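Two complexes are shown next, each including subunit A; its partner changes from subunit B in the first to subunit C in the second.
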Partner chain A sequence: MTAAGFERALDLVTRVRGVRGAMLVASDDGLVVAEQLMEGIKGPAVAALAASLGNRLRRAMEAAGIGTSPFWHLQCEHGALLVVPAASGILVVAVAEPDVNVGLVRLELLRAGEVVG
Partner chain B sequence: MAEDVKALSAELARDPESLVFLRLGELLRRKGQFAAAQRVALHGLQRHPHLADAHDLYARILADHHDDEHAFDEWDMALRIAPTHIGALKGLAFLYFKIGDVAQAEAHLQAALEVAPDDASIHQAVAVVRGRGTAGAAAPFAGTVAPAAVPAPDAAPEERPVAAEPPLPLPAEPAAAVEAPVPVAGAAAPMDDERVFAGLEGAQEGLLLLDAAGLVLGGGLRDPEGRDVTDAVAAYLAGVSQEATRSAKLLGLGAWTGLSAEGRLGHVHLTPPATDRLLLVVRDRSMPMGRLAVVAQRAAQAARRWLERQG
Partner chain C sequence: MTTRAIEPWTLAPLKGFVKEAAVRLVLVMTPAGQVLAQSGFGRAVDVMSAAALSAAINASTVELAKQMGQPPFAGLNHQGERHGIFLSALTAGKLPLLVLAVYDLDVSSLGLVQLFYEQLATELQTASPKDAAPKQVLAADFERELGDSLNALFGR
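Coming up: the complex of A and B.
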């Protein structure tokens, strides 16, 4: 995957109205692979926490016998973090406003995940 | 009477969703058929978990058989669903009186009177409570009333063992008053953990309340094959609340309110009902994520009330 490919994947997500930024994160170590974030968002820290949170969630869901998660969504008072794990182990992450169209962001994250592979 | 039971049973068989179970359960209770009454009440509760009358019926059956702790839970649940439910108010008054908490008994009867000021049985019960409400009269009442002398709350007058008997239990002979006070959930003894979510849909199979260390406070979880996976899932979720809090803070998003995840075989929703507490709701994929969030919020309310009661 080239840098242009990563950018194309992120573009799919950030073009959705209400999305403040998007990142590609390595799920095993929580490092940022690529990012398109609005100023002020601490990308590396958020990436590390998103990866850790995703790993805990994945293990809990596997233990519950309901399999891995193709999409998860952290809801907060003033916005949301939305995540799709791609097949390669990269997490496609979006940071969004509270009134964002979650369904649309989910679809674009899934498409971005397919692009990332 | 037998024909009535047959007719009502047939009606319930024809339409299992029917509310006729309330009449059938009450009829069986009056006939003293405890096991059958309990089956009917539980059948009704499974189909109508949010019906206050169903909890009231089950509570009366339990109270008949001196299972006061669970009767308390059921009447308490009925009141949560319908705060002015007279049967539940009278039932709780009955139990409070039974353990000697005259003030609470009277408070519940007064609340019932506000709803039904012309109900003679409530006035009669208030009189009885006030007559017995003297210091030191409380403890000996608990667990000392012979079955025949315990008219269940909301029992019809004709079913009372003695027509002139007051609507609340009489104290036993002093010689019989040797049992310890009956523990009542929410008053003296904590509720069973598994009853945190009593009355909620799927309460025992997909709701889990944890502390920050991943220790289970209530609820339970089974995998699709029916195995108990409560502790394993709880262990993996330890620390999720702190990480969600930190992520939200770093992003300037305020407090986190929920975490939804789709699964291949089911959906999950996590929410913090209180500081350092985590509630997990799991349902199969037939339940849409939005509805799952609503279920989770209802469960969180129940968990908060339970946590408050634990102090």
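Coming up: the complex of A and C.
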């Protein structure tokens, strides 16, 4: 995967209206692989905390015997965090406005996840 | 997990770092290896070894950077199979410090440690005594100082 490939994957997500930024995050170490974020979003902090949360969710689901989650969505007062884990261990993360079209973002996150591999 | 400090102003920032970054072991020390605070260590000999080795690693990387004509490296991370080791230098007031953190890979991550290390550095900078000059440890007092420090670090 090249840097241009990562950018292409992020473009899929950031072109959706209401998305304030997208990131590819290494789920093992919580570091940013690539990002397209609006000013004011703390990329490294979101990456580290989203990866930590993702790992805990994965373990909780494994412990509960309910398989893995292909998509998770955290709705907050002033926005939303939407994440798709790609097969390669990279998390595709979107930070969005509270009234974003979640279905469309989910679709583009899944597409971006396929691009990343 | 036990967290103890010789310099009281390091205790609250260190406790916060241990809790937030979910690290297993932490040392806050001078670049010479003099320990100011520790968390998670159970034996004095482990603290002394870790401090001496960290100071040596830091001295090596500082010299390596100097040889390359570069400013000192911002931090060093070594990732093993189950644990990660993070070592970085900061300045609190006028005092240069080293922080060593050991974390379990299934509990924490490099991203989390880096994130909360930045917070630790800021809090140590804020909490450090502004007018204090770095204390010199005289050779004659070294053994007594070391003994006192280890007693304080292990609550004896």
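By our rule, the second predicted complex is superposed on the first by the 117 of 117 C-alpha atoms of A that agree within 3 Å, B and C clash if a C-alpha of one lies under 4 Å from a C-alpha of the other, contacts with A are read in each partner's own complex, and residues count from 1 in each chain.
Everything that follows uses one rule, which is that a contact is a pair of C-beta atoms (placed from the backbone, for glycine too) under 8 Å apart; a residue touches a chain by one contact, two chains touch by 3 or more.
Just so we're clear, the structure is a prediction, and the values are computed from it rather than from any experiment.
**Student:** Regarding the shared-chain residue A:S52, is it in contact with subunit B (first), subunit C (second), both, or neither?
**Tutor:** both
**Student:** Which partner does A:H78 contact after superposing on A: first (subunit B), second (subunit C), both, neither?
**Tutor:** first
**Student:** Answer with first, second, both or neither: which of subunit B and subunit C does A:S69 touch in the superposed model?
**Tutor:** After superposing on A, A:S69 lies in contact with subunit B but is clear of subunit C.
**Student:** Now for A:R15: first (subunit B), second (subunit C), both, or neither, which partner does it touch?
**Tutor:** After superposition on chain A, A:R15 lies in contact with neither partner.
**Student:** Compare subunit B and subunit C by how many residues of subunit A each one touches, and report the one with more.
**Tutor:** B
**Student:** Looking at the overlay, what does A:D29 touch: subunit B (first), subunit C (second), both, or neither?
**Tutor:** Touch status of A:D29: second partner only.
**Student:** What part of subunit A is shared between its subunit B contacts and its subunit C contacts?
**Tutor:** 45, 49, 52
**Student:** Using the touch definition up top, name the residues of subunit C that touch subunit A in the complex.
**Tutor:** 79, 105-106, 108-112, 114-115
**Student:** Per the contact definition, I'd like the list of subunit A residues that touch subunit B in the complex.
**Tutor:** It is residues 40-42, 45-46, 49-50, 52-53, 56-57, 59-61, 63-81, 95 of subunit A that touch subunit B.
**Student:** Please give the residue numbers of subunit A that touch subunit C in the complex, ascending.
**Tutor:** Interface residues on subunit A, with respect to subunit C: 25-26, 28-31, 44-45, 47-49, 51-52, 55.
**Student:** List the residues on subunit B that touch subunit A in their complex, please.
**Tutor:** 221, 223-225, 227, 229, 232-233, 236-237, 239-240, 243-244, 246-248, 250-268, 280, 282
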